[in-house]
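Take a look at these structures.
Two complexes, one shared chain (subunit A), two partners (subunit B, subunit C).
After this line comes the complex of A and B, so read on.
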């Protein structure tokens, strides 16, 4: 039995050297391979439950909102055409100095991935949002029914504490409104009017952004996350905010 | 006179699409901006590094004119999957398939802006 400390000090040789068959074998046991060491003779594993679900303790049955809005982002499909960003700006009157959603770019050297990867980001509508905790006027709050992290702009005093609390850089100060603005999953502009999708999800030509209801086992977001074929992850899990934006490839 | 104007516009269009290409005896970098922004085709890679000759693509697949393909209504991923345009080679056998490794060819708005020498507008809260 190798000590975790020793493992941490060893060089991770990269998962691309591990056959998909073997990886799948572990996944079926509910384990995710996180590292490859010593010429492939040692593997580090973590619980698949922890990786796949933002709320590891509660696992599958506990999604506290109805509907529990969520987005699954197929990150390798993103081509940075930015139609999502344009649709969002148009729908929600976002000025060009700010964003409710944007696309990050990073270099990747993975064998199959190509040279770059585009990563769409937006408010994660966390189950344990830090932004709402630190707001002194409760201008930002988590909707008790659908879980959307909302802004009551008449209460916002522009102190920007929420920006500092947010691990996802998902808030900007709207100078015209004299208040912080952020993604609301298009609640005011679309969902509350009966639309099923956010503007960004509808505008995507590549099927990157899958929007839906995590509390419904028949929903494609639920099915996309609750499977064992592909790894699903969240950004910055160490922040502990239980985000509702999930990422996958393929 | 009218014809001269049209030719000038055409030339300007070609120069614009070809961008800052350092074309030697080939077309340099071609940035396709329709139907989505943007896709980079590198003559450098395909001609100089991989050794294809002009006829490989400019014999029915693409005209000798940057931007011509984009004028066609069928310049879509669907056409590529059916073996049209880039899909003639990018079929999973000759070269990687058109429905894989998206960001290898799609440089995006960011890549295109870099090619044009534009810097991104910084978001206010940085």
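After this line comes the complex of A and C, so read on.
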């Protein structure tokens, strides 16, 4: 009641007195809150990082690896040129019957423009990976330093339980290597040799795949996720694996 | 058996002449059946070997998305059968229910045979079985259900073999200890096999605590069918009339079978209701594929009709005096249960992991069709069971249970 009285007594500032920048911010916040930026995909109220981890804030803020390799994918920038796929296959000797990364295509219903969208997918290097839990021989494991989900191919028995456990269809059996193969963020071929980017991120002409370190506040990936303007999401959060591949638009 | 062995002075020559003597008592039909099952087993071995050497991607129908095919289903079927045989037969010789005693020896023998058939099929399914033998031991993953399952089944097999040996030697105390340990190892192994499927978060059709529980119950149901089937076939193989004790044991097995069919029907109904109510993503699509989609014939004809309804009716109608009806019922049930296992494995995979993403590549259900090689390996598993069963009937003299038991 007191609050109402105070409000009645106070003078209306009027829209004409509101700065254009403030108005823009307010409008943006509204769009983010209603999830319009995500095409209605998500309801967004706070920083992307807190939201997409689908768990306690503590987990989101404490990135357990150093560097905590991660990728932010701008889906609206992807034109399906497949240079990422070709670069990946060439760099990591991926046979033509398999892939470590691919691009999926979806129709966006109700959109006025851009009725098709391309969704690049790859191993999500989850913080709670199913594949490493189910592997009977520890042939696949999470690197304790950088968090990359790796393969020790000499231990792989080819039971394919990891393929079944992966919620992202990120694994295939490489017949030549007689072991399951998957994205390693180009660890053997590039990162371990001092390169900063994965082959796919480097080959992308449209800046779709932003690769970096989620534990570094100055990193592009960190900044891309820790903001409130754009909606950030992950694929299949309900699987509970806490993935490290993030998606956004804009 | 023990009497024979001691009569022959337990020399190798004595044992050999006894076994050869028993095998020679058989008729032409027996030898023909032995030959056919032996040839099927060999064909399965050759197909499996060819696929392992030439590459599974060339010879098998599995894909990146549907990575587990009919061979995994067959493996599950055989180990389900083995666990069931062990559990149902343990009612008598482990838990002391006298009327179940006559089925003990043959059931324990068959539980060894069926687990070996399971290992046979899985060795053709695992892509690098040699690495499995080495790294399961030197690089175990204790959070992996498949590791526990494999290891515990190894332990189970050892217990079952020792139990069988002790039963042959009429040494009931160690047989009881081994039987009890085998049953515990079998339950642990088998529920872990359920957990291999049930603990995969991203696979809604399987995910949850249902699978380990369902696997154990389903194993017991399968056990009753297989016990009835093989004991009735054995009577024909050995040209024997079933005595009263055996008939009573089989009748009790029939009653346990009726109970377990009802339990599994109850499980199945609630699995379906849970997948339809609220249409939970992934589960709903999979169950609808069974109810009204590409797996409807499998579900309604084989699972509901052959595995549950028909046997239930026949089991209820067939008393002690109608073993022919029991034989038909148990045979239908075995066929139905195999398709049950097939659906359980394949339907869990046909809903793509990205089904809710709305992408064109994964807009519908995935498909899988077993290749000729996969079918031959599967048949090889059945051939192996048949071959070893027939051989066992003669070598172990019809698995007679001694009077003093």
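Just so it is clear, the second predicted complex is superposed on the first by the 189 of 250 C-alpha atoms of A that agree within 3 Å, B and C clash if a C-alpha of one lies under 4 Å from a C-alpha of the other, contacts with A are read in each partner's own complex, and residues count from 1 in each chain.
In this text, a residue touches a chain if its C-beta (ideal position, glycine included) is under 8 Å from a C-beta of that chain, and two chains touch if they have at least 3 such contacts.
The shown structure was predicted, so the numbers you read here are calculated from the model rather than taken from an experiment.
Student: After the superposition on A, what does A:130 contact: first (subunit B), second (subunit C), both or neither?
Tutor: In the superposition, A:130 touches subunit C alone.
Student: Touch check for A:242: first (subunit B), second (subunit C), both, or neither?
Tutor: In the superposition, A:242 touches no partner, neither subunit B nor subunit C.
Student: Between subunit B (first) and subunit C (second), which, if any, makes contact with A:107: first, second, both or neither?
Tutor: In the superposition, A:107 contacts subunit C only.
Student: After superposition on the shared chain, which partner residues are touched by A:98: those of subunit B (first), subunit C (second), both, or neither?
Tutor: After superposing on A, A:98 lies in contact with both subunit B and subunit C.
Student: In the superposed arrangement, which partner chain does A:206 touch: subunit B (first), subunit C (second), both, or neither?
Tutor: First partner only.
Student: Tell me which partner A:138 touches in the superposition: subunit B (first), subunit C (second), both or neither.
Tutor: Second partner only.
Student: For A:172 in the superposed arrangement: first (subunit B), second (subunit C), both or neither?
Tutor: It touches subunit B and subunit C both.
Student: Between subunit B (first) and subunit C (second), which does A:74 come into contact with in this model arrangement: first, second, both, or neither?
Tutor: After superposing on A, A:74 lies clear of both subunit B and subunit C.
Student: With the two complexes superposed on chain A, say which partner A:163 touches: subunit B (first), subunit C (second), both, or neither.
Tutor: Once the two structures are laid over each other on A, A:163 reaches both partners.
Student: On subunit A, which partner's contacts cover more residues, subunit B's or subunit C's?
Tutor: C
Student: Do any residues of subunit A touch both subunit B and subunit C, and if so, which are they?
Tutor: Shared contact residues on subunit A: 97-98, 105, 160, 163, 169, 171-173, 175.
Student: Looking at the complex, which residues from subunit A come into contact with subunit B?
Tutor: Residues 76-83, 96-99, 102-103, 105, 112-118, 160, 163, 169, 171-173, 175, 205-206 of subunit A touch subunit B in their complex.
Student: Inside the complex, what are the residues of subunit B that reach subunit A?
Tutor: 35-38, 100-104, 106-111, 121, 123-125
Student: Would you pull the subunit A residues touching subunit C in the complex into a rising list?
Tutor: Spelled out, the residues of subunit A in touch with subunit C are 97-98, 104-107, 119, 121, 130, 133-139, 154-161, 163-169, 171-173, 175, 178-179, 235-236, 239-241.
Student: Any idea which subunit C residues touch subunit A in the complex?
Tutor: 55-57, 64-65, 67-68, 126-129, 131-132, 135-136, 139-141, 143-147, 150, 196, 199-203, 349, 352-354, 356-362
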